[in-house]
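Input: structures, listed below.
Below, chain A partners chain B and then partners chain C, in two separate complexes.
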Partner chain A sequence: MSYLMYILLFGLVLGLVAVASNPSPYFAALGLVVVAGVGCGVLVGSGGCFLSLILFLIYLGGMLVVFAYSAAMAAEPFPEGWGSWPTLRLMVGYVAGVGVAWGLMGKFWYEEDWLGFDGVVELSVLRGDVGGVSLMYSSGGWLLIGGGWVLLLTLFVVLELTRGLSRGALRAV
Partner chain B sequence: MTPAHFAFSSAFMLGLAGLAFHRTHFLSALLCLEGLMLSLFIALSLWALQFDTMNSAALPMILLAFSACEAGAGLALLVATTRTHSNNRLQNLSLLQC
Partner chain C sequence: MAPFVYSTLIISLGLGTAMTFASTHWYLAWMGIEINTLAIIPLMTQNHNPRAIEATTKYFFAQATASATLLFAAVSNAFLTGGWDILQINHPLTSTLTTLALAMKIGLAPLHSWMPEVMQGLSLLTGLILSTWQKLAPFCLIYQIQPDNPNVFITLGLLSVIVGGWGGFNQVQLRKILAYSSIAHLGWMILILPFSPPLTLLTLFTYLMMTFSLFSSFMLVRTTHINSLSISWAKIPTLTASVPLILLSLGGLPPLTGFLPKWLILQELTKQDLAPIATLAALSSLFSLYFYLRLSYTMTLTMPPNNPAGTLPWRLNPQHNTLPLALTTTTTIFLLPATPTILALFTF
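This part shows the complex of A and B:
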């Protein structure tokens, strides 16, 4: 289990390196999909199966699909992958930076067990994170209402921004 | 500092560096912002999971809702930029005319 977690964490960092090294948006969206999938694995390995499901369904299934669709607006005739020289140079630089940080922080590490929530409870129906998320509907109700209000406000922000050039928030001057 | 802490901290710093340096497309900058929010989601989830605090397991959900707001506003700006400038390169945004 520990080796699998190390592989997943390595994939997390390497995926962010692939996003941050300025490839074309197609490839950057692909890198972010990889990061989200690996993050699901990290959360499962730490014992948060419900949070991992939320990340997989809502984030990867809802938001990243919109991002991958929006990559059509960044179309270019010669897309630049990770094999081209400027991107590869940036990738090598970021990996070297992470390696230097690893070398500096390595002596402060301690090994932990990967058992998170309810790690020693076997065959339990209700996991801890399910109970924690369900608290959002009882005692965290005002936070839920605030989040819904912010989402409603964002709807009007998006409608005003994409209304057109003649009227709305964005106008031709 | 555990390896998980190092992993999401370095993921956050990588996303921040990628947002700050060398952006060609506006969509790439938005994808780096999404990477930042994703590392924050994993950080909050691991914080709730490893300290056995059941009450703070709802915080990543709220963060995800706010992240959806940020993604929606950013993509609306992307659509508006594509309409006015016909592409989304960030160099065109400094021309100060439509």
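This part shows the complex of A and C:
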């Protein structure tokens, strides 16, 4: 398990570097998908199966839409992958940065956090993540209403920015 | 924009700030700031020209980066200390990260460069919202962080005062000058924050008054360029006569309200045995005073050659609602004698 977590965390950092090193949009979107997937794996490893499932379905579902759109909008004849020099240079730089950070901060690293929140599961009635969901619906009701309002607001904002013909903001550019 | 959408956006703008004000939890505070950012974006793109879209994009990128950093700081704090309380951010790493994120939100000096660029692309009304209302929510958070070490705040504040004065030097565009003026004033507020938080509130209050009157005056004479200021006397002579006083009040000259915060801040800094910093801040605000003086010179103290008929105020009475402007202009100019009362109001 520990070995698997090492691989997943390594993939997470590498995926973030791949996104940050500024490749063409659809390679970057691919990097984001990889990061999200690996991140879900890390969550499973830390004991949050339910949370991981939610994240995978919803976030990755949205991510696939973004992926499709950016692939459609930015279909370049010669896309910049991670093999071309400007991207590769950035990528090597970021990996070196991660290495330096590891060298500086690595001595503070300790493994006790991998216990996860269900490490003491025999003492509790509910699983941690399911308990969290029920708590969110019982004592966090107003917060949910706020969240729903924010989603509605985002819808308004996006519609206002992308509405058709001459009235949309994007057409002005 | 449709009235329903417009009112939804304005309500959400209020909701975001109110949410941040009311929250004690980092997550809700972050959420309020995000609502604020989202709600103002369509307002910024109301004028469909490429410059406004560019300004909006820049604003969104800067704010999104700052928000992500803020959320990261809050999560790290929860990870390290186990608490989400806003007042409990006492680990040095997270408190510094939070300070920097909020500094980017409100546009303090090393992280300020989005501010003039964004302001330049907006209408004056949106610019007014951006430089007053949008500052309130992050400011409320920055006010609640009590750092162990005031050096970060002093550095941010001093740099902002210097950059705010220096950057406005060579500008002819009013909106950029206003942005730099905003940076300089925020610098004063942050400079005094570790030593006397009530003084920060007082400075914020006077800054809101002064900025509101200046923006409203420019809105009335419909100008965004320093050259067109010189013909404003033909349009609204009374206002043109009082705008130099607003400008000098922003610059912080003695008989006007703007002197009040600067005076008290310098006094407090001297009491804290920080005389060199106080001197540097006072000298740097001379830069700001220089471009305020240039604006008042162009607007009032000089008059282009004209025939006598051209010097008469021949226009019809303007139909704008000028009551808010009248109120804030009065407070901007005449509030200094009330210093003890105001001080008692903010420090009790």
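Criterion: the second predicted complex is superposed on the first by the 151 of 173 C-alpha atoms of A that agree within 3 Å, B and C clash if a C-alpha of one lies under 4 Å from a C-alpha of the other, contacts with A are read in each partner's own complex, and residues count from 1 in each chain.
The definition used in the following text is that contacts are C-beta pairs under 8 Å (C-beta built on N, C-alpha and C of every residue); 3 or more make two chains touch, one makes a residue touch a chain.
The model shown is predicted, which means the values in this text are computed figures rather than measured ones.
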{"item": "Contacts of A:157 with chain B and chain C, given as first, second, both or neither", "value": "both"}
{"item": "Per-residue contact with chain A, leading partner among chain C and chain B", "value": "B"}
{"item": "Partner chain(s) touched by A:43 [first = chain B, second = chain C, both, neither]", "value": "first"}
{"item": "First, second, both or neither for A:67, with chain B first and chain C second", "value": "first"}
{"item": "First, second, both or neither for A:149, with chain B first and chain C second", "value": "second"}
{"item": "Touched partner set for A:20, first chain B, second chain C, both or neither", "value": "first"}
{"item": "Which of chain B and chain C A:53 touches, first, second, both or neither", "value": "neither"}
{"item": "Partner chain in contact with A:88 - chain B first, chain C second, else both or neither", "value": "neither"}
{"item": "Overlapping contact positions on chain A, where the chain C interface meets the chain B interface", "value": "143, 147, 150, 153-154, 157, 161, 170, 172-173"}
{"item": "Chain B - residues contacting chain A, complex", "value": "1-4, 6-8, 10-11, 14-15, 17-19, 22-28, 30-32, 34-35, 38-39, 41-42, 45-46, 48-50, 52-58, 60-62, 64-69, 71-73, 75-80, 82-84, 87-88, 98"}
{"item": "Complex contacts: residues of chain A adjacent to chain B", "value": "5-6, 9-10, 12-13, 16-17, 19-25, 28-29, 32, 35-36, 39, 42-43, 46-48, 51, 54-55, 58-59, 62-64, 66-67, 70-71, 73-74, 90, 94, 97-98, 101-102, 105, 108-112, 116-117, 128-129, 131-133, 135-136, 140, 143, 147, 150-151, 153-155, 157-158, 161-162, 164-165, 170, 172-173"}
{"item": "Contact set on chain C toward chain A in their complex", "value": "1, 5, 8-9, 12, 15, 19, 28, 31, 34-35, 38-39, 41-42, 45, 48-50, 52-54, 56"}
{"item": "Chain A to chain C touching residues, read off their complex", "value": "143, 146-147, 149-150, 153-154, 156-157, 160-161, 166-173"}
